[in-house]
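Once you scroll down, you'll see the structures, which are given as structure tokens.
You will see subunit A twice below: alongside subunit B first, and alongside subunit C after that.
Then we have the complex of A and B:
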């Protein structure tokens, strides 16, 4: 999580208007999910991955490692879809007999699960494009412009900011505790962890108090209003985002009509 | 209007839990000067500062800003806080945004200025505090000293009449301390902003401050120019404070080693002048 944050701030696409990136991502996710088409999914994976690595300058190794993160969930869920139980061995491609029934893969189940797998991976790569190239602060200012309720945006912003303060505090407490042998045995570990938990609670409370005082000193009146940052923005980005997705939609429609499936 | 930007009259402050933090403070802080408030831990420095911008309301007594008693109405406080900039000791409790630029703009936006003017002020504050290159960095990647500067910029952008800093040099490295104090001095000289600091760092006080107040257990025990205050050696030592190192050295040289030196020297340049003077006076005998 921390390294995603670091890469986002150093991405070459960082100064592009976050709204453009958000719109592009949202459209592509929608098309990818709507199309239910393996080719479209693969195109989306490569397009988004390519944008992230080539335009954003994120190392390919890091992106691949990130793509492995959802893999375990994904494999478990597609496995359950792909595996069927049947009385009839003919329906299954590969089957083992269990208690008078057959358990195995059916052709339809296998097809379904591959489609789901690619669709999910496509959507994930869209989200990675957004989160690896857009720092949280920029994303929040885009949400503010979209008129998402202020309280949500403010809360997210504060949580984001103070997660780092909290992590820093945890780290310091942990070092202080372990240098006094706080984690030398299992029972002392439990005790130290408990003490850290309650200490964090008190610290967080004090910190919020101090923050409120400091905000008041700068004229806080219930809303965290700030100036919007200037981003590189150009209408051509929106046009190309729409064009790319229109192309994907067209491709999907053509392929569907070619295979004789329902159009929409 | 007299020359005092702040005045307090018999100011008492009692915390809700019953702790008596201020016991009858009556002082006047000069406009356009750099004033230091000294005192050991728990002497009441921070409490006094929070009474200056109306975060705390005196239990009894009065605080006057520009000769007028503080107006504790919503509107009055808003006006006061746009003129009294407060920089807290821990920048992590002051910086609420992960974006340096957005954090600095917060106070300015609250003043409801036109956007052009607000942007100009944010840029100017960043340039003056030397953090323009940090503008696009996330707050959590900054060093402590950098965060401190961002916190100062956020207050400076509001173009206050007075800058109140609670222990501005605590936690900084030696060069950081000098740079920060020079920055404050420069802000005071070029923008005419009154600077009030609290500190334990006694050695910087004669270098950068014009006037000193010394607090102990909620009371004001001494005040005056650095020379006047550091002449009261007994009192300072009785309240867990000390002389500047140079002042201490001069004291030892004159009292233990019988040098007839000007013992009021508290900075390196003052000591140098005193020693040169001694050399001139004794050059005949050597």
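Then we have the complex of A and C:
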């Protein structure tokens, strides 16, 4: 139903310690966002994408399709940033006159946009490396080890499990409604969606009630404890994660000092 | 080309392009500079902590509510994955901010919103982890607060129920994107004109285009709310615990 989740469970990196994947992702995202450097961003995109496809065994087609998901936000926002309104035509590379002012792209704005585009894609490929290779259950166990408040982790885990139950309900209601022409016009779609929303609420309520009763019958006292999985863990993973990122930082610093830009 | 023609072509492109792309509007991963990503995250902490404390208090007295709250979170996630058709012909995802705030109150919504946004970024690739703070602030803190205040205000003024629900949902949705526009403008001030010019640009693209979608969400929320209060009066009563105590 949710394909990212499906791939995460079948990833070849699944049994690697989620903490190591989390640390590696966090460091790489931080370096990518800090560096704001086109070359670093491209290196990060290929490194994380390569890890996901070659080591994790995620199909390249799926990863590429996933990279298109944030594209609409990215293109619209970058376009918004790149377009400037000015009285002075000299500032802009390409401009059209509108109501006495000039609207267009400036050279600096265009350069910034490309940098932002690559930087965001680099960060997104880090996020995908994490979400495509780490099932939510494993990620939650890592969060528990990070001392995130217990109630938050537990609620998140419960929500995760319920999401699939409710999504299944939604799918079945949707099929039933659309086979009766429930979505044939705008007003009927609203009516159908309203009915679906309320039925979903009632079902969710009943389900949670039944679940609680079942849990209580088995000695539930307010906490759900499950055994943690055994993960493949090795210190050399941390070392290589740090080494790779140190190399990236070094590369960024060298390039920054070469162009004379500010370090931070 | 005359000026008027150019303007007409521009507006035509705007109306063709924008509504279709207005569906996934959380700030994406890696888009905000580190300073802003961090600050918005820090700004959310008091709200989350407050929400967690009050949830803890409610849940300790009645563990059944913990399961119910989790189910509510899943409900909000699934609701936000639905597509609502808009009057302009495009479709968008509802934020669920209004319904959640009315049912569970703004404090519990901050925590539920955090969980929903986390899942959206990890499972659906909408939004991101570094921008989680900014998105939580706009969708799980400010949105529900405004929606809740609107609802209470109209109820207190003895306005009709449907109007209260409609305005709460529509304003909650709209204010979420206004805050998003402000966040983007703060992070990316325009080279010419600074924050103000940038805000005008982002408002034009993110907030103005959102108006029909906010109206759609308002209508849908009224329909769902009506159906729920007709079918599940008893269940609604037990939810009062959240909006009162939290």
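One rule holds for everything that comes next: the second predicted complex is superposed on the first by the 239 of 264 C-alpha atoms of A that agree within 3 Å, B and C clash if a C-alpha of one lies under 4 Å from a C-alpha of the other, contacts with A are read in each partner's own complex, and residues count from 1 in each chain.
Throughout what follows, a contact is a pair of C-beta atoms (placed from the backbone, for glycine too) under 8 Å apart; a residue touches a chain by one contact, two chains touch by 3 or more.
The structure displayed is predicted, hence computed values, not measured ones.
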| item | value |
| --- | --- |
| Partner chain in contact with A:107 - subunit B first, subunit C second, else both or neither | neither |
| Which of subunit B and subunit C A:214 touches, first, second, both or neither | first |
| Touching partner for A:225 - first (subunit B), second (subunit C), both, neither | first |
| Touching partner for A:201 - first (subunit B), second (subunit C), both, neither | second |
| Greater subunit A contact set [subunit C / subunit B] | C |
| Contacts of A:86 with subunit B and subunit C, given as first, second, both or neither | second |
| Partner chain in contact with A:250 - subunit B first, subunit C second, else both or neither | neither |
| Contacts of A:119 with subunit B and subunit C, given as first, second, both or neither | second |
| Touching partner for A:137 - first (subunit B), second (subunit C), both, neither | first |
| Contacts of A:160 with subunit B and subunit C, given as first, second, both or neither | both |
| Subunit C-contacting residues of subunit A that also contact subunit B | 5, 136, 158, 160, 165, 207, 211, 215, 220-221 |
| In the complex, subunit A residues that touch subunit C | 2, 4-5, 29-30, 32-34, 66, 69-70, 72-77, 80-81, 83-86, 91, 96-99, 106, 108-109, 116, 119-124, 126-128, 130-131, 136, 139, 149, 151-152, 154-156, 158-160, 162-163, 165-167, 170, 186, 189-191, 193-202, 204-205, 207-209, 211-212, 215, 220-222 |
| In the complex with subunit A, residue positions of subunit C that touch it | 3, 6-7, 10, 18, 20-21, 23-31, 33-34, 37, 48, 52, 55-56, 59-60, 63-64, 66-75, 77-79, 81-82, 84-85, 87, 111-112, 114-116, 118-119, 121-126, 128-130, 184, 188, 190-193, 197-198, 201-202, 205, 219-220, 223-224, 226-228, 230-232, 235 |
| Residue ranges of subunit B touching subunit A (in the complex, touch as defined) | 50, 53, 55, 78, 81-82, 85-86, 88, 90, 92-99, 101-103, 105-111, 115, 118-119, 122, 136-141, 154-155, 158 |
| Residues of subunit A touching subunit B in the complex | 5-6, 9, 14-15, 135-137, 141, 157-158, 160-161, 164-165, 168, 207, 210-211, 213-221, 224-227, 229 |
